[in-house]
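Both complexes shown next keep subunit A, but they swap its partner, so subunit B is in the first and subunit C is in the second.
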Partner chain A sequence: MSTTLRKGGRRSPAGHPDAPPRARRRWSAQKLFDDKLLPLLLVAPAVVVIAGLVGYPVIRTAVLSFTDAAGLSALTGGEINFVGLAQYREIIGDPILRRSAIVTVVFGLACVAGTMLVGIAVALLLNRKFHGRGVLAVLVLLPWAIPHVAASYVYKWLFNDQYGILNWALTQLPGVDFTGFAWFNRWYTAFIVIGLVVIWQSFPFVSIALLAGLQTVPSEVIDAAKVDGASAWQQLLLIRLPMLKPLLLVLVVISTIWNFKIFDQVWVLTEGGPARQSEILAISVYREAILQLDFGLGSALAMVLFTILILFTVVYVRMAREEQP
Partner chain B sequence: MTTTERPARRDRVRMMTSAQARRRRVTASVFTYLAAGLVALFALFPVYWMVITSLKPTAEIITPQPVWWPSEFEWGRYQRVMDAGFTTYLRNSLLVAVGTTGLGLLVAIFAGYALARFRLPLRRYLVLVVLATQMFPVVVLLIPFFIVMRNLGLLGSLWGLIIAYLAFITPLMIWILRGFFLSIPNELEDAALIDGCTRFGAMWRVIMPLAGPGVAAVSIFAWIAAWNEFLFALTFIRSDSLRTLPVGLTQFAGRDATDNGAIMAASVMFTLPVVIFFLFVHKKLTTGLVAGAVKG
Partner chain C sequence: MNYRRRTGAGLVSGAAALALVLAGCGDGDGGDSDSLTVWIMEPGNPEVQATIDGFGETFEEEHGVSVTIEYVPWPDAHTQLTTAIAGGQVPDVAELGNTMTPEFAEAGAFAEVESPDGAEYVDGLAASSVVDGVNYGYPWYAGARALIYRTDVFEEAGVDVPQSWDEVLEVGDTIADEVDDIAPIHVAGAYQHMNQPLVWGAGGEIAAQQGDEWVPGYDSPEGHEALEFFVELWERDWSPEGAVTWNSADVREAFANEQSAMMVGGGWDLRVILDDNPDLDGNVGVALMPAGPGGSRDVFAGGSHLAVFEESENQDLAKEFAEFMIETEQATEFADQIGFLPGTVEGVDAAVGGDPLFGVFGEQFVDHSRAYPVAGWWGSVEGTGAIPDEFQKLMLGDVTVPEAAANIDAALAGAIG
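For the complex of A and B:
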């Protein structure tokens, strides 16, 4: 078998004058190789990568979440006990971790909503005709292109309590004094800044994708609506957005996936502080598993985040299904 | 205007005098430009502030009254940042990004082609799994990777990072490339096969040149993802000489917490390569991602 295969394989150069036309040799070794073995060979590395680098770790995390693996000894196969749901019970019982899980959902949803609102608004703006529209469409992409860590440092500087330009600008407003206001000392103002960075970085993708979608809405439909006296709002809510519903749904899913697993921005801006109050699940996993070496608890936290994302995705996919009769 | 004398909407439109219509157009365009200005400010001001801060003389950075344009440009800060270990971080980031992109391409081109062209057993599931990898947080991979790499002694090596990045970058590369291969007509390969090409030959010599733009887009996508990745790099690399740029930046900021000009300069240097690449390929990245998601 192997020899015939190799013979077939060597026959590869195209256009050999004496080579019989490939199409007629239906059952040759070459044909067998092409149809049966080659596809498998081509896919094999991907299967290895996905199974080994994704499948195995996910299962390992799931298993670890039911154990008490902790400390460096656990890494070298030290004593690890199966503890059932104890880690999950600890998450529910621990006010900081419970809060982290809730905050992840609430803050994640807020970021998705903000991203979609800003994204849709900017897309509608860019869909109008005005001078400099093309330039703005490209410039608006910049925030998306900036690495999260770098963007976070810029915002940290913009919101600096002493020399941040935002405090200065707010103080210029009549009757407002933000001099020395420390944004990162309160969890809610810290979340405002984090949310702003997240939205700033994720709205361009939504806008550009939607802009492409908006331009596929046939202008006849809009013209017809105008003749019928539909206001701009009616055109938008009754015609444009419904036609783009599938695309909007996809964008919501993508921003959910992106915004729920943020880590970089929170780490750079607050490291989860003050007093772990701006901690989200990704930060909790890092803190418990990598800094405290509590792998069991960290894994359980990771699985909670995993479950949240799966739940949201399933809901969206259901919604998408119902859209298509 | 009272309700009694309010005519039907359609009539009202017709009744508008040309002067009214013009006033309305002017108001609309004023609002458009106002909105465009606001959007531009929101999107660009942080970028402007990052660049300008990095170029200000130190005395003009920490002022209660903001300095909008520096009295003179201080370029020396960039040189100092380079000398402060930035070059090492840059080298590491380049190595990791190139390694991830190269290996990822090798795997993804073959798999993307096979998934687009052949009837494979379990193909539907494979495609689904590829998609599903996008839906879970990479933190889920963090702990097992940390344990395995520690046991394999890869914690202190850039190879560990490349392997970890492949886990979440390859699936998306496969997905996007599959879309590109699907968009290339089958007939081209059939013709090559009849001319005596092997299947692999047809793929390599006929299809690959056509898939060039797709391969380029996907490479840049992988490159940017590896270049920006922070969580794994923070977790796996312990020695300063092997840090990549994102982590290097945080180290640098921690060390020089007071020198915001230098932190901004380092951020600019970290950002610049991405922005340049990005502006060339953003269309393909957007359409690739959306098309993949819609088709799924």
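For the complex of A and C:
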């Protein structure tokens, strides 16, 4: 009965002069519970689980990053000392680790840009009606379904200096000789291959999500724009994409988180080499913490990666908020 | 009546439960002495795994105990051992790569072991389990790389097997001139077990123990000579560009594909080569590693130890199991299957005695192999990959020989601490 009353009260237009003020006051405690406490209570179990699963490891890693925990002795004997910012200073002072952090950001952003561009392009293509669209949509999804490691091995073979089909294909072009060209000898060519694998595997998600979004753009709006003489580019840049901006921002956040954290692809293709030239933070963390058992330094590197991701996410979320009226 | 019977039944079942609990306790203390947990590296081959399982069953029958063998993939081995030791959940016996033994032994994870009566170990392999004069491992199997070469190509070029580094270059030049479409030898930036021992050939050390101190050895005339020889081989343009990132498997593949006339490899490599390219059968020879200017032909003795954990409640039985595994009969059968050699001189003789091809690997292993620095810090050097990194930078032209030598020594000094 009370629910009906409240609901009824809510449904009445705001500021309706006939609304009984007594009823409003009478149910304010209930309203407070419904609006403030109930959501909190409902969310609480999830918050507890997330705090346990995410919060605890993050805090533990943060604490470890201020210690010199290293080697088996730290694990067995607990020989751990607080060293303040020493691990972070080491990251800044070590040319390889410093470079790894910068490369992670630059290469990560490049991958995000590539993923979004290819994703948008393919979504626009799939949004058109043409013969074989369904087949193409399935094909587009395939790279997403392949495990990272498997895909990376495939690319490793495609780009193999001796037996790779790519060098052979490029060499067939007139005036081009890619015989024995070693893609993984230098960081810049290695990153081209790694970037290709990453984008090839991450654009399908963006495409499919955007395709769904594009189909929600009302055709009247587009028709009206056409009547007003807007070119196809103008329709895209001034109407379709702006309307999908919130969705685009979410996709950028997700891509950023995925592409900044890549590990499998780099590990399979180059292991961060040659001579650690193609190392990114996820690889550095593995090298220091797991291979070297330097848990302090590894934790500090993980915190750097974590901080970078948080910073980017905050910026994106701000941008998304500004969009809302 | 009914009530009584029920009570009786209750008492009986209660007693049975109590007996079970007591028996369970007995199992916990005494029963452990009847069971062993063993970690073996995954051989990646069901037949080899069946052989190991068979050894376990034989031991079970002979000793009336139960043996559980768990297989650990090589890439996970270091992490898994670390977590096991940190968490106190160790097996009784574990196989581990011989370069890992000192690290875990220094951390106090392993029990001291003695060699079985009359067993003569191969020095190079046995040396890597002795830390501060105490032995922590049983040498199970290992291998040493030697020079694998193409007899037909050598014949066509009219050259003999090189006995020294200078002869490698001379023979190589002749092959390059006389024989088409084949490189004399390939170098590989990530093939550390081919590259690192060069310093021994030059008469130097990776790091030498002086008293309690370890002194890095690359930034020395011998170290420079080793690196210069490597650069010389690379700069002859015999190896493809991509060799910067090649490892031992890439070198082997190129040899199997008849792209090179010589390679540095072990018996296991030769097996794969002949399996992949049966046409090469009869055209392949094996020779001792050419001697460096220091006169040494030494290569790395790479293989596995069996170690008994200090925390095992069953050390005696665990030691018996390890000794059983390294007995000539078992070790020979197993080593033969995987192309490695047993860790005892008797085992090596039994495995390759008289074989003109594989016998050379035995000679190389017994007489001309040695261990990397036997110290806990070595694991961290391998973890950083600092030494292969400098070889790669040399190939890329990013560093000079003196710079590379200084960088390696700095990395070694950093790891030594």
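Here are some notes:
Definition applied: the second predicted complex is superposed on the first by the 271 of 325 C-alpha atoms of A that agree within 3 Å, B and C clash if a C-alpha of one lies under 4 Å from a C-alpha of the other, contacts with A are read in each partner's own complex, and residues count from 1 in each chain.
Methods note: contacts are C-beta pairs under 8 Å (C-beta built on N, C-alpha and C of every residue); 3 or more make two chains touch, one makes a residue touch a chain.
In this text the structure is predicted, and so the values were computed from the model without any measurement.
Of the two partner chains placed by superposition, only subunit C is touched by A:F181; subunit B is not. When the two structures are aligned on the shared chain, A:V268 is found in touch with subunit B, with no touch to subunit C. Look at A:R287: by the touch rule set out above, it reaches subunit C but stays clear of subunit B. Once chain A of one complex is fitted onto chain A of the other, the partner contacts of A:L75 extend to both subunit B and subunit C.
In the superposed three-chain model, the partner touching more residues of subunit A is B, compared with the other of subunit B and subunit C.
When the two structures are aligned on the shared chain, A:L173 is found in touch with neither subunit B nor subunit C. In the superposition on chain A, contact is made by A:R276 with subunit C only, not with subunit B. In the superposed model, A:Q162 lies in contact with both subunit B and subunit C. Once chain A of one complex is fitted onto chain A of the other, the partner contacts of A:P147 are limited to subunit B, with no touch recorded for subunit C.
Touching of subunit A by both subunit B and subunit C, each in its own complex, is seen for residues 75-76, 160, 162, 290. Contact residues on subunit B toward subunit A in their complex (touch as defined above): 9-10, 13, 29, 32-33, 35-36, 39-40, 42-44, 46-47, 49-50, 53, 61-66, 106-108, 110-111, 113-115, 117-118, 120, 126, 129-130, 133-148, 150-151, 163-164, 166-168, 170-171, 174, 192-201, 205, 227-228, 230-231, 234-235, 245-246, 249-250, 253, 260, 263-264, 267-268, 270-271, 274-275, 278-279, 282, 286-287, 289-290, 293-294.
Interface residues of subunit A facing subunit C in the complex, by the touch rule stated above, are 71-73, 75-76, 160-162, 180-182, 184-186, 270, 273-276, 287, 290-293.
Subunit A contributes residues 8-9, 11-16, 19, 21-23, 30, 33-35, 38-43, 45-47, 49-50, 53-54, 56-58, 60-61, 64, 74-76, 122, 125, 128, 130, 132-133, 136, 138-151, 153-155, 157-158, 160, 162-163, 165, 168, 200, 204-205, 208-209, 212, 228-229, 246-247, 250-251, 253-254, 257, 260-261, 263-264, 267-268, 281-282, 285-286, 289-290, 295, 298-299, 302-303, 305-306, 309-310, 313 to its touches with subunit B in the complex. Of all residues in subunit C, those touching subunit A in their complex are 78-79, 82, 85-86, 103-104, 107-109, 189-190, 240-242, 244-245, 254, 380, 383-385, 389-390, 392-393, 396, 398.
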